[in-house]
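For clarity, chains are labelled A, B and C in written order, and residue numbers in each chain start from 1.
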Amino acid sequence: MTATQAAPLTREAPAQAPRRHPGLGAALRFEVRKLRAQYRAWAVLLGAVLAPIPIVVIIHGQSRPPKDTLFGRFATDNGFALTLLVLGFATQWLLPLLTAIVAGDVFASEDQHGTWKTVLTRSTSRARIFWAKTLTAGGFAVLLLVLLAASTIVSSLLIVGSQPLIGLSGQTIAAGTALKLVTASWASTLAPTLGFTCLAILLSVWSRNPAVGIAAPVVLGMVMGLVGGLGGIEAIRSLLLTTPFEAWHGLLTQPRFTGPLVDGLLVCGAWSVLSLGAAFLMHRRRDITGG
Amino acid sequence: MRRTILVLVVALAAILGLGTAVIAVGGGASNVTRARLEKSLPTVFANTYVNQAHILGRHVTARSLHAKAMCDKHGPDVADVGPGGDWVCLMSWTDPQVPMPPEGYGKFELNVHSNDCFTAGGPSKLTGFLTITDTRGKEVTNPLFEFDGCFDPGADNTPTGVFFPSLFAVTSTTLTRDAKGGTSLKVNCGTGAHGCAGTVVASDGNVNLGSMPYRLKEESTGTLRLPARLPPGTKEVSFEVRPTTGAGPSGPATIPVERP
Amino acid sequence: MLPSCWVPTFRRMTNPLAVDVIGVTKSFGSICAVDDISVQVAAGEVYGVLGPNGAGKTTLLRMLFGLIRPDTGTIRVFDKTWDEAGVGVLEGVAGFIESPKFYPYLTGRQNLEGLTLLDGGIRPGLLEEILDVVDLADRIDRKVGGYSYGMRQRLGVAASLLREPMLLVLDEPANGLDPAGIRDMRALVKRLAGSGLTVLLSSHDMDEVEEICDNVTILDRGAVAFHGTIAELRTMAPDPGHVLSTTDDERALVIGAHHPTVTVTRDPEAALVVTGPRTEVSAYVAALVRADVDLLGFTATRTPLEALFFMLTDTTSANGSGRHTDRLQEALR
């Protein structure tokens, strides 16, 4: 360090310390600034916008349609069917991964950089910091889903077309209604996606390791998906976080049924509340010995 | 890191252990039930049938088909509950252009998944093959050849009361003389209600070779022994089925005798 | 480093005690890091917490900052406890624990601006002033990932000053710095202390503490070994010994034999070492000069306080952590 010559600074001496009460908004702004500065967040969002395009083109060009997935048999020449095929695929492990990339890292990265001791010694409480990070992760998940859905729907309709859709009861659905139902189907995956966001937050807080926070929710999601495919365990299947990802089927039958959608909402709510509750308690009580 | 992996492994093991316990205790509870499939399949089939008709330039309504189905999972000894690739549904419908076979139904095979969706395929004689020709002469995929459907897991589970008789069939293609000069006939009884029972009368054109009673459960095979010895020089034997329970083939089955 | 006219804002304190630690204990598993420690820091003074590595200084400061929960005891900062006031306890308090850490993918400025968001804002212009003070104005827009250790340390000081604190808590502030850095850091701390700020400083370097602090607590293995002023510490300190370099060592030894209250010995490196009470050593040196033995060098082997420090913290007692004041008296007997 070298001595510097600075202009004379005049200063008043206030009588007491300035009382400043930073709100949740300020903490949220800081979290968003940190997220904006990270390449991986932009990469994920950009991927969500751009990746569906080549996928749509490739599937449209297939001579033999992927019959093993719902709507696969119509996907090569029906835009709505193709959108739903991509939706079915995305819900298997892609959505948990994309949300975990941010949510699984948002707490653990502070451990990685040793910055807990920096941020927890300002004027913002641990609770506020927890909610700022949670809201950031949740907001990212919403944005991600909106971009992915919009990109898939638009590129499918533009590249393949908007022919009437054959529904899950064999019925023919006109293009206008099909668009609404397809959009609603994508929207219905928000609840389980946010459930995975909360699960990733729990794993991030508990493990203090970004790799675990990102990979573990994906692995758990895949295991839950496999378990859900087994027969004879309906009691467990209805409690899994991956089951609500398929609740949109009821929107495309005739008549429509919404039982799984309602049940799914409750299950996701329970997973989210329990995960966040446990994460909050761990975060608040933790002794920061490193950094 | 090791602690993390250990805890995750323990958590996974706990989930799997819990699952096994639930299976053991719950006895295979599932939303996939016979009643729900019997209500869902005819609806999906009828709508898909209408699509096919539209492609072929015909006009059919779903209601006019009066489709009804009886479903069974893997034979009489397995409970008709739970997902699997071994669901068989017997379905009948009314279409003047596509008459039902003598037993009154077509046999469809369903692969039902735990997410309450299924893929179904039926007899090509009734549904058509992989492709059909549309009104403009183009070969297009036949929607009825293989189709998907999903049903409401919360739908009414009361039985539909639809029953179709099992179909009894002779499956031997040749008859071999055994050491004692007699012979036996392989038969099977297909999916349906109540199994198959009746009598098979064998004759050699002129000579009555005896009658063999049979009683088989649905989805089973059996062997019937000719009561009498085959006269030497018999070239073929004709079997006439007289069913008392279940359906039988429309005419007698003539089976050649293997030359020694 | 500091422009002489720069004076940090000074606030009147209402309560005489800035920090009041009462009977605080913390164990991690079977290791007792802090064992029933009590420390009082009065407003406006510069207080040192001294001890070897593992003594519990950092754990104590982390508890003050709310990073670690004490098992028992209370910590009051400006008469507020964590249970009552939550993060409000840190109003007017700033500092850093061990080496300050920032987000490497953000610039220095972005890090500081983010921290001011968490503080609820700063008065306009303060950031630029403080950047001048810590001499980071020209590199503040580079990513922190590329900063040197010294730059990060200065950024940590800047982050603390942004809070316009009444109490500055520094954990080993000169740790890891080069000699120039150490000198500048000490000058800064002295300047801040001189302006009325309360400073709580932890260190394992006796020199540093001796130079700047008014009062000191010495910790050893989690417990208090000494509380008191630097002056008191000095009176207890044994004379560490001085290395003497003369033009005629043989005569110096002979003269030393005539002064029974001092011990003059020759150490393995053929230098003379004089030990004894200060006044007697001075008398001996005067005698050497009168006898025409010229002094070429007369240096302390270590400061008196360093000697005392090592004595207080190096003796291992047979019955565990024991009573440290007893050991002190034992050593001085």
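One rule holds for everything that comes next: a residue touches a chain if its C-beta (ideal position, glycine included) is under 8 Å from a C-beta of that chain, and two chains touch if they have at least 3 such contacts.
All values derive from a computational prediction rather than experimental measurement.
K.L.:
What chain sits nearest the middle when you go by CA atom centres?
P.N.:
Per-chain C-alpha centroids ranked by distance to the global centroid put A first.
K.L.:
Sort the other chains by how far their Cα centres are from that of chain A and give me the top one.
P.N.:
Most distant chain from chain A: C.
K.L.:
As a quick test, compute the distance in whole Å between the mean CA positions of chain A and chain C.
P.N.:
The mean C-alpha positions of chain A and chain C differ by 48 Å.
K.L.:
Averaging over Cα atoms per chain, report the distance between chain A and chain B in Å.
P.N.:
44
K.L.:
If you average the CA atoms of chain B and of chain C, how many Å lie between those two points?
P.N.:
Chain B and chain C have C-alpha centres separated by 88 Å.
K.L.:
Can you pull out the residues of chain B that are in contact with at least two other chains?
P.N.:
In chain B, no residue touches at least two other chains, as defined above.
K.L.:
Please give the residue numbers of chain A that touch chain C in the complex, ascending.
P.N.:
Answer in residue numbers: 1-6, 8-9, 11-22, 26-27, 29-30, 33-34, 37-38, 113-126, 129, 285, 287-289, 291.
K.L.:
Spell out the residues on chain C that touch chain A in their complex, using ranges where they run on.
P.N.:
For this pair, the touching residues of chain C are 1, 3, 5-12, 28, 59, 62, 65-69, 86-88, 90-92, 94-98, 100-106, 110, 114-115, 117-121, 123, 129, 132-133, 135, 150, 154, 159, 163-164, 166, 180-181, 184-185.
K.L.:
With touch defined as at the start, can you tell me which chain B residues reach chain A in the complex?
P.N.:
1, 4, 8, 12, 15-16, 18-19, 22-23, 26-32, 40, 43-48, 50-51, 82-84, 113-117, 119, 141, 143, 146-155
K.L.:
Would you tell me which residues of chain A are touching chain B in their complex?
P.N.:
Those in contact with chain B are residues 67, 70-71, 73, 166, 168-172, 207, 209, 212, 216, 219-220, 223, 227-237, 243, 246, 249-250, 252-254, 257, 259-260.
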